[in-house]
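I've put the structures underneath this note.
Note that subunit A is present in both complexes that follow, paired respectively with subunit B and with subunit C.
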Partner chain A sequence: MAKIKYHMLVCGGTACHASQSEEILTKFKELIVSKGLETEVQAIKTGCFGFCEKGPIVKMMPDNTFYTQVKPGDCAEILEEHIIKGRKVTRLLYQDPETKERISDSRHMGFYKKQIRIALRNCGFINPENIEEYIARDGYLALGTVLTEMSPEAAIEILKKSGLRGRGGGGFPTGLKWEITRKVKAAQKYVVCNADEGDPGAFMDRSILEGDPHTVIEAMAINGYCTGASKGLVYIRAEYPLAVERLKIAMKQSREYGFLGEDIMGTDFSFDIDIRYGAGAFVCGEETALIHSMEGLRGEPTVKPPFPSESGYMGKPTNVNNVETYANIPVIFNKGADWFASIGTARSKGTKVFALAGKINNVGLIEVPMGITLREVIYEIGGGIRDDKEFKAVQTGGPSGGCLTKRHLDTPIDYDNLIAAGSMMGSGGMIVMDEDDCMVAIAKFYLQFTVEESCGKCSPCRIGNKRLHELLEKITQGNGTMEDIDKLRNLGTVIKDTSLCGLGQSSPNPALSTIDNFLDEYLEHVKDKKCRSKVCKSLMQYLVVPDKCIGCTLCARNCPVNAISGERKQVHLIDQEKCIKCGACLEKCKFGAIIIN
Partner chain B sequence: MEKIKSLADLKKMQENLRAKIELREKSNDPDTRIQVKVAMATCGIASGAKEVMETFIEEFTKRNIDAVVTQTGCMGYCYAEPTVEVTKPGAEPITFGYVDVKKASRIIDKYIINNELVDGIIPVNYQSIDKN
Partner chain C sequence: MAKIKLSEKKIQELKDVCKTFNNDKGELINVLHKAQSLFGYLPAELQEIIAKELNCSVAHVYGVVTFYSYFTMLPKGKHPVSICLGTACYVRGAEKVLEEFKRQLKIQVGETTPDGKFSLSCLRCVGACGLAPVVLVGEKVYGRVAPDGVADIIAEYNT
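Presenting the complex of A and B:
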């Protein structure tokens, strides 16, 4: 019998799924059968490869050939050329943006060179809907070892030694959190997985649940054993249907194999998991609000203490950890605390997954060691700024974070350095901005998000953020004064100091950090009534250059509000009162006679 | 499905399942393993490269040798097809010409296991750009 010679890994993450990866997989399977290659080639669905920019991805094993932007129509050619004739389909290989060279082996791509994959170790490698592939890669080995060979205290000690800190944003030491929950005496305790990923642009938790759901189940069971909980709950947003589906499949398989349920692996430890759905409120990522939402109450935070580890879900001690935190845990037990602690910086150990987005060439999901610099992430992994524009800022930590500038490019990224720079790690969204982005408008955008997502319980957040937003609105409309900038600063600081929960305590960050780092742009808006990035419409004027206008009337005919007047073969004029700044005239003019002032 | 009753059960199961994804594991760090590249362009296939590749894969499995077998395009030695390039960890790649099924077994016996050379080696007559 012939042995399987090829595995064709087809990405089944949400992004690739949306661009027909399911059809590609079906097509490959059909073609394999019709060509009689069933005994030699296997097509397998995997989780996200991270390189979403160039999806759908098909990776050929064992030669590591990385095909990008594959379409269902390319399947026949890949099978015919690569498998049967042994020639790579060059046009589908990744092209290095600088050297223009086609790279076939993913290990040589700039995007992957600097990455270390711990939390994403199985994403894009195994079939997430097949527990056997997970077991083959040390799956459930950590759970088995901890249950049979370690006391809960010893296991917690290993976790503390590893230096793992919460990946959801706060960066609280995970081992310490477990220890606190363990020490509280109660008949019933709970462990919770926070999969309420709410930062705009962040999608690492979704990708982990879609690509490697078993790792979360395994780590939750370990957590249950260590803290003394027999029940686990996954709080996941209903907007993640694919992640929910894969998690459900994984839970079912896990029960069948005896990794969930009564007397796990012959010990007297019993543990099971349930799913709770969130409706997508940003504030429900905050652990007390999350717990209330799970209890069926309004998703509003409450004052800490009492911390959830003392009184959480249904008033019982509850340990809440984030998806990415969980994904690190089985590896720590398999490879040891010292190995994990050897990666990263003095106070931030291991790796962090970032969702790269914005004006960058390689949009996608990356996992890098702590301590890597922004420059390495943006220019080496991210492939630099799109269309060779100038880098202006990078926003980390979502609506709670801040903007970092050129000055910070060489700062090693870890929890403490980001806070010192006026931003935060957050859940790992990284949005890159170029010269075309107006920093005042960016601050306004994030404020608008927090105003909408504020639960309204405490006044600083409910009223204060609204006022902040109004001040920014005023500045972008050209009505701002110098006093407004001071007001922004003062009010922002007060909101940070007096808000009840993490949402309010961090919501002024985008505004405050842009004032600190881009004061000149604020001053331009206020004093010169100018927006250098030409984003703030109220500060822009569309003008006709008399020397260039030949009077073709094209602009006047295309203006939706009839703001342009002028006779044929005469210079036209734009009525600034009527103009809505839609840009239609600029787009239509063939003579470059329309400019933005 | 029988439930897993102990850590030993799990380890046994993992041992059996490893083979399923072995092909993928190997491609993660091919440099630490023996790599065999079979030239499979039209000329290679016409002279029997497919059977040669199959022999390598089967023999490695049978003898439990940790190796990665991949196919590659034409190496340019069309006169000596099928050609096979063997790279042992830490050693320079060696290219063998006129490899048929019999010779494939001999390469495994002599070169891969005992480090003895087999006739039909194509001397290195090129320099790759990255070495200059």
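Presenting the complex of A and C:
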């Protein structure tokens, strides 16, 4: 890298990839060659920068210039102006939504200011397909230190001291888990990386694997050394082809460099990794189900104990950790347990990656210190609610989690506070909702998910969640009674208490937490037969405002079910019997003559 | 359902796939992934062959195929359309986009158009939530799809 003056980092994450980042990269490479700048400028494909909202992103190093929404047609200008003439292309710079100022240095963007990047430290900085760039940023240093200078016990001690807890949802102390697996005596043990990432709306594990696959490999090898396992398995969703490809490339390079395989770094420690594919079942993220799936069986959970640490894959002790958990580990060894433990709150150390999505201005991947408040996340990093609407709730923890409301805006986010608020950390999905989202419909959406994803092994979950869904359906259709709300509460509690695995034990949470926090909305649906967010179709009517209708017939022509009648230049009428409430008329009318009642 | 005739050549290919996984029952999911990418779907006939090769019961294979939503026993259209119904897409209006696809293609989720061109399915989060709502046609990702953009997407494949 020594001679190169400029690096153009082009985001190769999924979202940017989908909006032509590959073409942009190719274009830059062609231009660099045609201008004869190969020795000075290099275009590199990196992992996700996190700022998906304004992708595709191109970042210029060393000056941190951050170009957003770049199109292949902009490449020539960027090269000509920025590199050759030394002038920034102002129109592509990020514009602060408040001050309207164009910000050229990404470190000054509100989005990045409050973030601390540990797990995502390399995402967006290195070419994930080149091991040397990983090594240049202290890659495989931790593995070397641990293998040559530490006993497994000493390494586990450091991990325990750091206070790292599992990022896959449960928050179990990682060092302790390793210690338990270490102490079980067996000829063969396994370490597993859980890359199933089932929470719909979370994509941090995917981004880490796409942007920095070597960190996971390095941490798994450290895990193998500490727990006494010679074999690692990555269980990854088949829906993540790019992550799989990058992981495979990384594994191959790692073997070539002697970081995987026999006698790693000249020691007597041998370790290698295999990939196993998921096939689209949420419950397979649960560790016992995941293990059965890796064995080629239906992914049904089994009762714990025995825990995987005692009896897991093929009946052998198996240490399961999440992708993001792994991504923290090399840094902890490089910078020390005390450093890590200095970040975060009393019982939740370090950072957490969240996938910020929904009705927020800056959708993307963020990494923040534990203990940050929701207000900082939404308004400072996320740039506030879209279209200046009013904030209503944030859903965390996915289908197992609950909603946080205005009341919780100043609560520090960590494992314990989220549970106290009736939600959970989960894998880190954070879906922001505004006044247009109906909380009853949201609860129904999650229950629908659970009903589809329940494996069916135990009846509280299989039948109970179906009943919960039916009750919510009834309420959104305007047929609910006060008794139904009580039933939701009671049944929800029973399901939580009696289900076999974590899926059923948490699936009623979206319903229970919305009842707790938004009881008034439930009551409106039940008593007044009203949905204030205008989401529940059965509770609304599309009407023509006679004063505004000029009889242009546009609505009648666009209605898919011919429910609108009326002569040209006459006021039109919507037949409520026929209307399917698709909203086509409302969208088409140029005169604002259609309203929802 | 009518019996599907598999050509000898294809059957041999399938057997080779099983062999690359050492005819190991524990590799069933990997075998099924390979088989589905080879044939496009996993009809009963295929499952019978796999069961025989891996030395397990057809019921076992069927049990696994039906457990995982990634596996399908029905052929997909030439251009499989998948609508993301992950949470991020849902709150940004994915349901309306789905309705529009259903209306324009005149099929329900899980069905294929009579001409075999399009099939419709839903999936959960493809990890491009920044582009929500997201629609996939084959491997191509369409972001920020609005109901009135649906016709254009369909037209792209309708020539």
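In the analysis below, the second predicted complex is superposed on the first by the 581 of 597 C-alpha atoms of A that agree within 3 Å, B and C clash if a C-alpha of one lies under 4 Å from a C-alpha of the other, contacts with A are read in each partner's own complex, and residues count from 1 in each chain.
Assume a residue touches a chain if its C-beta (ideal position, glycine included) is under 8 Å from a C-beta of that chain, and two chains touch if they have at least 3 such contacts.
Bear in mind that the values here come from a model prediction, so they are computed numbers and not experimental data.
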Considering only touches as defined above, state whether A:125 meets subunit B (first), subunit C (second), both or neither.
first
Counting touched residues of subunit A, say whether subunit B or subunit C comes out ahead.
C
Could you look at A:358 and tell me whether it touches subunit B, subunit C, both or neither (first, second, both, neither)?
second
Note: overlapping subunit A surface for subunit B and subunit C spans none
Quick check on the complex: what are the subunit A residues that touch subunit B?
2-7, 9, 61-64, 85-88, 125-126, 132-133, 135-141, 144-145, 147-149, 256-259, 261, 265-266
Complex contact set, residues of subunit C against subunit A
24-30, 32-33, 63-64, 67-71, 85-92, 96, 99, 103, 123-132, 134, 139-143, 147-148
Which residues of subunit A touch subunit C in their complex?
14-15, 17-19, 52-53, 55, 198-203, 206-207, 238-241, 276-282, 293, 295-299, 355, 357-359, 363-364, 395, 398, 429, 431, 433, 437, 442, 445-446, 449, 455, 560, 582-583, 587
Sites on subunit B touched by subunit A in the complex:
1, 3-7, 9-11, 13-14, 17-18, 20-21, 23-27, 30, 38-42, 44-45, 53-54, 57-58, 61, 68-73
